[in-house]
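So, here come the structures, one by one.
Both of the next two complexes hold chain A, though its partner changes from chain B to chain C.
On to the complex of A and B.
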């Protein structure tokens, strides 16, 4: 019966040929390793985030009066609501870590170079959109931490001359973080950015198909083999392992996603002792703290982001082997170490 | 390569050093009242976000109005006014203290709140406050020891429940209801201490323990739920890893 339906569809739109051409018999380098599976892992976690997000949306109420209670209802009363929320929160952490690893591997393997510049640009945009959707999602539970971290986070643009005040007002929808801010962030988090991400990820995969997967720079063997079954199963193995890591934290260390201030309802009149952004913004937060001028701190980070984004334009040398690019490798290592140090420093400062 | 590494290390050090001197004190009072601030930072008040102005009044954000009566600044309270000052928040404690011999003796240099709890370094109250060193400063320890013995079993239950509720809280459980009841019972128990009456404490203990056992029952339900979740987690993670292994093995034999 199912075969008949598939045959009927195939007869009309030729689905089998497309699957063969674009997926099962899509040719990839035979020497790919673990690092090449991170894209598939990201796709799997993104799917989980969308699914858990939809489930949370059923009971979440985007109102300053009811948001906190609706989240408490999800975690305390709705069957498996606790699991869905933990997976959504900790899944976002794993998504960001995997995205970091994916980008670092691309840097070390020189996979951003011609003809894959467009993939790099799209990847950077995906990274930016993910960070922004995480920031927006952070406010939704309307807890003490989410309220005050958003207050601090949305205040950063105020240091920009002339338009700073206007930008803060635009982001918050008023002078203070309020219902307007919650409504804006809710719309961004559940509709605008996910749709943008689906488009960007689709475009990223499309570009990858057009250019082909980059050959590992450590080998001269350019043999290609079909994606299915060897690499499909390889990706599946890595996805299973990443999911095991995710669920290990979900079941045994959920508190890393829920510090004490996330369990207290937002109180605009009571500032908590330590207001800090989520861990992935701690590096950025610390840079702003240690540079005396806030505008300078933001500008410096803007320049760094621009340099990273424009990397394929700046670095036009064709050499991809990392051991032949010691200065570039040192810069990447320095950037990674600096980010880790600043993040740890930010969490203790 | 060595030069690059040296350069990286130097830049990291420079980066680290640039932020060392930049720490913003808060509130403004602590710029001058350094000793009091150092004590306050070790207190339960500090942990719970109770600032200088909550007791002393004044504007903690502005030096010019920090000690302005317009902002309710009262300065250092007189000894006789301290129980009423603390009683603004610790209502039941004040009520019980006023019934005690400590209060009667207050005008003859007897103890007020800060005598036992200190002025700025108040810790979360527990049974260890009853000590020969502290109580023995004013009178024989034997009466205090009898009160301590009457309270110790209940205090152990309170301490145990407190840490278990904290564990549940840090695991993301909504324990607002449990915490509210526990907070109320614990406060009733601790405020009872302030009457310094052994018979009253013994009489109230069984009632307080009954209430604590109700809290314990609710906590156990959540602990059991957490334990089931962890067991489910072990099975689920095991299945994921088994899946990874099976796929990897299948891939190898292809």
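On to the complex of A and C.
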């Protein structure tokens, strides 16, 4: 019966030929390894985030009076609500870690170089959109931690001369984090940024199809083989390993991402002690803390982001093998170590 | 041929202008819709978290109170019998300061910024003093705040 339906569809729009050409018989380098599967892992986690997000939306109420109680209801009363919420939160952490790994592997393999500059630009935009949607989603539970972390986070642009104050006002929808901010962040988190991400991810995959997957720089073997079945099964295996890691933390360390201040309703008239942002913003937070001039701290980070984004324009050398690029490799390793150190420092300072 | 090209070029420009005008006329109200209105200025009453006016008698000597006003979160301290009021919003990253009775300073719990009793930033990352407000008491004992 199902075969007959598929046959009927195929007869009319030729779907089988497209699947063969674009997916199963799409030719990829035969020497791909684990690092090439991270894109598929990201796609799988993104799908999980969308699905759990939709489930959370059924019971979440985006109002300052009801948001905290609705999240408590999801976590404590709705069957498997705790599971959906924790998978959504810890899934976002795993998404960011995998995104970091994916970008680092692209850097080391020189896969951002011509003709793949557009993939790199789109990838950076995806990274920025993901960080922003995480910031927006963090406010939604309306807990003490989410309220004050958002207050601090949205205050960063205030140091920009002339337009800084206006930008803070625009992002918050008023002077302070309030119902207007919650409504804005809710809209961004559940509609605007997910749609943007779907578009950017689609464009990223489209560009990858057009340029072809980069050959591993460590081999001169340029043989290509169909994506299916070898790499399809390889990607599936890596996806399941990452899912195993996700659910290991969901079941055995469910408190990760939920410190005590997440269990207290937001009080706009009381800042708790030692307020800290989410772990992926701790490096940035620590830079702001150690550089006395806020504008300087933010500008420095802006310059670093611009350099990373424009890397394919700056680094035009054709060499992709990392052992032939010692200065570049040293810079990447230094940047990664600096980020990790600043993150750890930020969590203890 | 020449005439066809000219028609085509005219149509291209006309379509461009129509689409451009449509986009611009739609964008203007959307942008204005997103820009929040500025809060009103002038004297206003200090209220608690439930929006009820605070009475000056509720603030004892040496103690403080953080409440809401049209200026945003506001901290009021009674020092030597007199009420003094400042914005409670730390000028560093927007956390709310707390009054430290033991050393007569305001402390920001986020990054340990300190201000003296006059609102002046004395240590830590805050780049500017706390904005000061004038305090007057009305006949009912409510605390009215104003710009200094």
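Note that in this section the second predicted complex is superposed on the first by the 349 of 349 C-alpha atoms of A that agree within 3 Å, B and C clash if a C-alpha of one lies under 4 Å from a C-alpha of the other, contacts with A are read in each partner's own complex, and residues count from 1 in each chain.
To be clear about the criterion, contacts are C-beta pairs under 8 Å (C-beta built on N, C-alpha and C of every residue); 3 or more make two chains touch, one makes a residue touch a chain.
The structure presented is a predicted model; accordingly, all values stated were derived computationally and were not measured.
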So, after the overlay on chain A, do chain B and chain C clash or fit? They clash
Just to be sure I read the superposition right, which of the two partners does A:318 touch: chain B = first, chain C = second, or both, or neither? neither
Once the structures are superposed on A, label A:341 by its partner contacts, choosing first (chain B), second (chain C), both or neither. first
Answer with first, second, both or neither: which of chain B and chain C does A:176 touch in the superposed model? second
For A:270 in the superposed arrangement: first (chain B), second (chain C), both or neither? both
Using the touch definition from the top, say if A:292 reaches chain B (first), chain C (second), both or neither. both
On chain A, which partner touches more residues: chain B or chain C? B
Touching A:260 in the superposition: chain B (first), chain C (second), both, neither? first
If the two structures are placed on top of each other, which part of chain B overlaps chain C: 8-16, 26-34 or 134-142? 26-34
So which bits of chain A does chain B touch that chain C touches too? 270-273, 289, 292
In the complex, go through chain C and note every residue touching chain A. 34-36, 38-39, 49, 66-68, 72-73, 88, 92-96, 98, 108-111, 125, 127
Looking at the complex, which residues from chain A come into contact with chain B? 72, 75-76, 82-83, 85-86, 229-230, 233-234, 236-237, 240-241, 243-244, 247-248, 250-252, 254-255, 257-258, 260, 263, 270-273, 286, 289-292, 326-327, 330, 333-334, 337-338, 341, 345, 349
Complex contacts: residues of chain B adjacent to chain A: 1, 4-5, 8, 11-12, 15-16, 18-19, 22, 46-47, 49, 169-174, 176, 229-230, 232-234, 236-237, 240-241, 243-244, 247-248, 250-251, 254
What residues on chain A touch chain C, complex-wise? 148, 151-152, 154-156, 158, 169-170, 172-176, 180, 267-275, 288-289, 292-294
